[in-house]
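Before we start, here is the structure in question, set down as structure tokens.
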Amino acid sequence: MEFSNINIIDVLPGMFLVTASLLAVLSIAIKRNHKLIFGLTSGSLLAVFVYLLVYASDHQFTVEPLFVIDGFGTFVTGLIVMSSLAVSLLSYAYFEQREERKEEYYILLLLATLGSDMLVISKHFVSLFLGLEILSISLYAMVAYLRKRPRSDEAGIKYLILAALSSAFLLFGMALIYATVGSMEFKDIGNYLGSVSNLPITMFAGFGLMTVGIGFKLGLVPFHMWTPDVYEGAPAPVTAFIASVSKGGMVVLLVRFFGEINGQNYPVIVLSFSIIAIASMFTGNFLALRQSNVKRILAYSSIAHLGYLMVAFLAGGSLGTEAVCFYLVIYFLTNIGAFGVIAILSDHERDAENLDDYRGLFWRHPKIATVFTAMLLSLAGIPLTGGFIGKYYLITSGIGADLLLLIGTLVVNSVIGLYYYIKIIAVMFDKAEGSETIALRPRLYIINLVTLFVLTALMIWYGIYPQGLIDRIRDFLQ
Amino acid sequence: MQVTFYIAAGVAILSTIMVITRFNIIHALLYLVVSFMALAVVFYIMGAPFAAALEVIVYAGAIVVLIIFVIMMLNLKSEAVAQEKKWLTPEVYVGPAILCIILLAELIYTIGVGNTVGITGQIVDVKEVGQSLYGEYILGVELSGMLLMSGIVGAYHLGRQKKKVVHRFLEKPEE
Amino acid sequence: MQIWLIPALPLLGSFILITLGSRLPKKLIPAVGAGSVGLSALITIITGYGFIGDSTKVIDCLVWQWIDVGGLSPAISFHLDALSLVFIFVITFVGFLIHVYSAEFMADDDGYARFFAYLNLFVCSMLTLVLADNLVLMYFGWEGVGLCSYLLIGFWYAEEKNGYAARKAFIVTRVGDTAFAIGLFMLFQNFHTLNIQDIAHQAEQQWMVGSQTAFIISLLLLGGAVGKSAQLPLQTWLPDAMAGPSPVSALIHAATMVTAGVYLIARTHVIFEFSPDALLIVGIIGTATLVLAGFAALTQFDLKRVLAYSTISQIGYMFLALGIGAWSSAIFHFMIHAFFKALLFLAAGAVIMALHHEHDMFKMGGLRKKLPLIYWTFLIGAASLAALPLFTGGFYSKDQILWLSLAGEHGNLWFFLFALLGAFVTSIYTFRMLFITFFGNEKTHVHHVPGSGMNIPLLILAGLSTVGGFIELPHSFGHFTAFSDFLKPVLPSVMVLEDFEGIEWIVQLIAAGVALSGVYVAYFFYILKPELADELKSSAADLHSFWFSGWGFDSLYDKLIVKPYVLLSNINKKDVVDKLYEAMVWLAEFFNRLLSYTQSGILRWYIMGIVLGGILLLTISLFKG
Amino acid sequence: MSELQATSGLLLAGTLFMLGLIGVLIRRNIIFMLVSVEIMLNAAGLAFIVAGSKWAQPDGQVMFIFILTMAAAEVSVGLALILQIHHQLKTLDSDAANTMKG
Amino acid sequence: MILILFIVILMVAGILAWMVARTSETLARWISLSALLVTFGLSVYVWKYQSSLEGQWIAQFILPWIPSFGISFSLALDGLSLLMLMLTFFLGIFSVLISWNEIKERVGFFHFNLLWVLAGITGVFLTMDLFLFYFFWEVMLIPMYFLIGIWGHENRRYAAFKFFIFTQASGLLMLLAILGLYFIHGGQTGIFTFDYFQLLDTDLSLDVARWLMLGFLAAFIVKLPVVPFHTWLPDAHSQAPTAGSLILAGLLLKTGAYGLIRFVVPLFPEASAEIAPWAMLLGVVGILYGASLAYAQTDLKRLVAYTSVSHMGFVILGVFAFNEIAMQGVVMQIITHGISTGALFVIAGTIYERIHMRDISAMSGLWKKAPFMGTVGLVFVLASLGLPGLGNFVAEFLTLIGTWPASHVLTILATIGIVLATAYSLRLMQKVFLEKTEESRSFTDFSLREKIIVIPMVVLIIWLGLFPQPVMNTVKKLIANQFNTEETIIIESDDDGVQ
């Protein structure tokens, strides 16, 4: 038995999360206390982040054979951890007023974070698969967490069946590749691809099947159909988590995988992803147009946004990776912010997801409405928000790589997308008074509000002065 | 060896077809066990005895039993079979089946064209697997522990019986 | 002398009246209005005095540089020479009389101050037009005149038809202005200047007679002139312009506005001289207009409309004169016409006012007794209009045109014959009007007898209409050419063809005879045998209504241009282009519905999506890989 | 023994995979769907075993073990959910769970 | 330094106004008014000062912003920008004044939006960095969207959407073109920058230039707007509150014109020359089509909106005529149209405030009750039909005379457009102010505050008609640079000019 090749320090972030989740389980076993477990979760997430900050100066090594810890991975890990922290901050008040048991949620949250974390640093099919599955299985339960709501169950079962199915596709694809290459490490696959001139068709088939799995996780067309239903059925903080951490981890994995195998060199792969990207953009935006459920709108918008992100992904290169990083940061901020708003406005019965719940919001809760407006504008890519710089980054990387068709589609879709974002804004600014003012419980919601303000402030700051973030990203990507 | 393989493969395929076409879920599960058994044979032929054992123990044993438990908890009766009969009509299955067959054809073509390397049939036994598992894949094992934990926590939370809040006179009689 | 004061004073008056307006005491309003024009007239007379000895004199006055861009540098700067002097004299002097007249005429109106403000502005614009030393400034005045005509014709704005008439006047003249403006563009392209004197110099250096460019530019300028001067084919606005108060009509017809076209052509005669074809066209337009308008005048029953058509017709004479190169004759006729036409309108106004805004001649009658002063002054004006021989100004001025249309170097027999026909018709309708209005039985009661404020201007104008003619007498009749000599430095005189030199007196006799016979015809039909006139009218009812409507131009334009435009605009009110974008929206919604259908909520359907995606990806791999 | 081609094993895996897929697609009973997904996962596991045996490496089997773990976890959560759904909807019809759409 | 001050003052005042409105709405109004007065005063000061300077550029301000993309916060002021700024602040003052009583709800937020629109517009006119330009270009939309969407009339939401989507869509095309230029320039020189002056030197093949230019053009002609991209305008104008219409017509459209002059022609001279006939044709189509539509409208604000379409046709016509006179005409048109149409919207707004309708067939004879308003209305109706003596005449006349050598036919058609302008303008006058007065309706003349708004506008439009030369001198250097000399534009060094 040799453990010698693994330095425990190297995988400390993961260890932290594991320990935290175990501690959480223990604490439940002793006494259920929402506040305690919330503190534990947030504290450990913060600790991971602080650790990464300190540790970030020294990166770029591998834990054979599963993990690679490089700047890219570290950066995204930090991002994921912070996003989970934000989600957990938003969750506290949300679950506090729900009748369910709250404590298990945090365990699942920690585990899901762990899964996503493993995804972004994996360089091997095994770690890919395990990370993905930890994430997925935690999410099944998180989606269906509020058991009394019929929609939670529905969303949960849909997500479960579909995710398992797509995992099967992913696995089969991996198996085909493994059968062809003889190794499950990304690097070996890349080397193999570089060494043979005439690629065996099984490779492509393998990639194709893997794409099904990955596409499902990212909610790309035509594997997107779960997105709106799950977004709608899941509790708002969980939706925030799915929209950000879960998808982000997969995106990073995809970037890393394709970076290793130089996926951009294979027209088949580029073609497949281009088709998927274009279809995602159009489908997402068109579907959102007349939707009146805010969560579903955001779901459709996320389909489109992942399509946009594919542009940078396809562009590849350092600019593409930078663009992906930047876009992810902004996208996380915005999505968590937007769902945070939904969470803050939700009541015992149901989440505040109907457009009518937002009528006249600006005049009832100006602060929240301002935050939501900012988030929506960022999603729409309007200047002064991070979303603008993010989209700009995507377009830049796309033009740099001559992906004109994709860029054109992106632009057209940005325009279509405007409609439904400003539709929500318009509703919020409507003069007509909406339903009764929901009394927010100030003591609890102060956390949420502060979180939202911080998110908004960051998002706008990155919109006005993105250089800081760009420098940071470049540091890490060195 | 080849003959054994083909027989086992035939059994696996046939029993799987039976699984997906049975109306009675218990029957289907029994066929599933058969299918898993047949696959265990295939594993063995492929030189993976450890995997074959696990297949029988975990799949055919644990998982199927788990499902049967749940079915028993749900207390499904004969109406369920009739229901299944009603659900599984040609117009329901023809379309999807055709799609899947297309997919299968593509897959078969792909695989058939691609791999012509013979299997050496060298046995990779428990020791090797174990070394690998607790050597390079040790982190994977730990992670799979986490995987199971999340499964358990999730199942625990979701499976917990709700407290009945409805007055007992208003309750529907159990079916 | 600071000639910029001449247009500036009325402008100042107008400004005072607009800004202070109703806050001024009622007495002060006409004092400001008439006073400012009076002062201008005074300055004009003083300035003009200096010209009497030496009419080659020129006064230039740069007020400020208006625009200076890339070689285009029109200034607010004035140029006074003999030609403009004649014009500003008429404008200020006749204008002043009209102001004085208005002081009483409009005394009871609500918009007293507004009225004078507009009148002053009108005079100012016309003075600017005439005095401008460059064409841009002239265009400034030109448009200003159009504006004021709009304001004044629609002065009684409560009536919808007044507004219509006002707009018609503005728009129709603006059609002409467009041509004028395009003419300016061409001139600028050719000469890189729009200064009138410079253009004249350069044209002489650059152009040959018969030049194509000159022809086109001339036609464009003519277009402008035709619009303002109500010549064919843009004459239709003038009869409707009678909607305004009578002093306004007097001002438009006599001193301002309609004569602007004559002035423009006279001012740019150098250009026209390079294009004989254009001149011919000017002549033809003039001739055609004078005949057509004459016949139209024959059938009118509105007193002022008769006068309006007569104006069109008389301006036609001026155009004819311009067309045959008889520049000074045109100006001479302009001046005389200004006197008698102002007189006629003011008198008509007095009649109308006396009868409480009754315009229909056939409801008048027998006013000779009730309003003797008006009758006599009107008679003098009418005689001058009909060019009754010897004692009227109109005879001398019109006779000169008739003569030169035959004997001038550009003249021909057709011009002469038609002009003669016009003269005949003129005298018929003039006296028809006179007889119907002032003779016969009294049909409407006289409410109001004009006071001295109205009478004095009438008398002065009556005097001028008579005496004015004597400053230019034909060869056969004393040969006194003070007027054409005065204009000679600016406008070349016309050569008379040798063949005709001796027969001028014959022409004069014919002209006199035609005029007198016209009077007789009118007398015959309207005094002796009125029933015959009615019979004639009913026997040729179609022709009558055709003439009555001004040869159907109005309905023609209505059908050809106005109606289609309005119809098209109204059909397209919702903007057809917007449909394009609506279609896009529709398309987007269509896609939305289509895709919503796929989002059915049924799990197996979603799986189907995944399978389809798998098939797609595998297919791509198989065929492309 | 050496005559056995890796292809045959993979073909078997592919066939089983598709059968599982057909099962998911044609059955409305959620438990059947879950079972069918298990078949697919199992097929994927088979593919890994075949590949591992082709290269004579333990990695295939290792992967199979992880798949097994995942399948177990999956089934347990899935069954818990099915219990909930049956409790609420009184049916196992997957088509009945379609309140969210559009 | 003064350049950034323009923007900062407005933005800060906007936030301040929003915050104090909770305690005192009047104070919010005064804050925004004084901010605009200060900026206007500053701009006038600069204007006085600039005439003594040599060279085109009056002041510059550069600060690195996103250096990794070669984006800097680069502002520069020349005559054209200065004029635009003065117009912006001038109209800004009135937009605050006109909203004094009209806006009663959420006053603070209103002024915030108002000032931020103006700040965005100021930024657009000042910036010399293409990225920053796009940034400001978009920044001005959102507050405008709110102005229309919150304080607009009955159909405000539709109008706001349409406005937003049209301008955004076209803006994105411009962004693509900007990026294209950026990459081409970077590829040629190795310097990746968005700096306007450096990008001016980019060598472009005609084929590429054509595409890039179309991107820029798209944004500008939608904003301008040129037929057939104009349909957002009538909706936005007619639904916006008065201040919104004033800013839309007076300023927002002008950013399109400004963009044409500042970017399209200098950056892509050959390509613009190539497209010039088509652009001019579109201009003429706009003039005629807009006029025809204006004639048919019954909604007062819609009518005025279509006149804008018509008038803006002259801008594109003049810009693509490529000569000094036409260009001066365009600059004049930008300014005078801003004032005259702005004033017409002010009048429409004040009428709406009194009788709560915009249907001109239901108004009539307002002159009798409100002669002062009638007179002012008359002045601006006349300005709209291009009467000499008022600023618009100078603009249109110069444009046309400059266009004539470029295309005779188009000039003639455009000149005919003036006749059509007469038709719709007089129809407006007729229906609103003239004809029978409805005696029973109570209608008051302009109040003192409203007089304070319109009198400066009247004075200015007449002043521009009679003394346009100072304005033309201000932009002379710029335009002369474009047409007369081949020399490259020399940037003033930092110690020159106002900092």
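Worth pointing out:
As written, the chain order gives the labels A, B, C, D and E, with residue 1 at the start of each chain.
Heads up, the rule we're going with is that a residue touches a chain if its C-beta (ideal position, glycine included) is under 8 Å from a C-beta of that chain, and two chains touch if they have at least 3 such contacts.
Please read these numbers as outputs of a predicted model, since none were measured by experiment.
If chain D is left out, the remaining chains stay linked by touch in one piece. Shared contact partners of chain C and chain E comprise A. Contact with both chain B and chain D is made by A, C.
Of all chains, the one whose CA centroid is most distant from that of chain C is B.
The interface carrying the most C-beta pairs in contact is the one between chains B-D. Distance from per-chain Cα centroids to the pooled protein Cα centroid is smallest for E. Chain C and chain D have centres, each the mean of its CA atoms, that are 96 Å apart.
Distance from the chain B centre to the chain E centre is 70 Å, each centre being the mean of its Cα atoms. Inter-chain spacing, taken between the CA centroids of chain A and chain B, is 30 Å. Centre to centre, using the average C-alpha position, chain D and chain E are separated by 65 Å. Those residues of chain B in touch with two or more other chains are numbered 96, 99-100, 103, 106-107, 110-111, 114-115, 137, 140, 144, 147, 150-151, 154-158, 162. Chain C has residues 596, 599, 601, 603-604, 607-608, 611-612, 614, 618, 621-622 in contact with two or more other chains. The full set of touching chain pairs reads A-B, A-C, A-D, A-E, B-C, B-D, C-D, C-E.
For chain D in complex with chain B, the touching residues are 1-12, 14-23, 25-29, 31-32, 34-36, 38-39, 42, 45-46, 49-50, 52-54, 56-62, 64-66, 68-77, 79-84, 86-87, 90, 92-93.
Chain contact summary for the complex, chain C toward chain E: residues 18, 21-22, 64-72, 76, 114, 136, 139-140, 142-144, 147, 150, 154, 157-160, 163, 166-167, 170-171, 174-175, 178, 181-182, 184-186, 188-189, 565-566, 568-570, 572-573, 575, 577-578, 580-581. The part of chain A that touches chain B in the complex is made up of residues 1-3, 5-6, 11, 18, 21, 25, 63-67, 101, 104, 107-108, 111-112, 114-115, 118, 126-127, 130-131, 133-134, 137-138, 140-142, 144-145, 147-148, 156, 176, 179-180, 200-202, 204-205. Residues 604, 608, 611-612, 614-615, 618-619, 621-622 of chain C are the ones that touch chain B when the two sit in their complex.
Within the complex formed with chain C, the chain D residues making contact are 21, 24-26, 28, 33, 94-95, 97-102.
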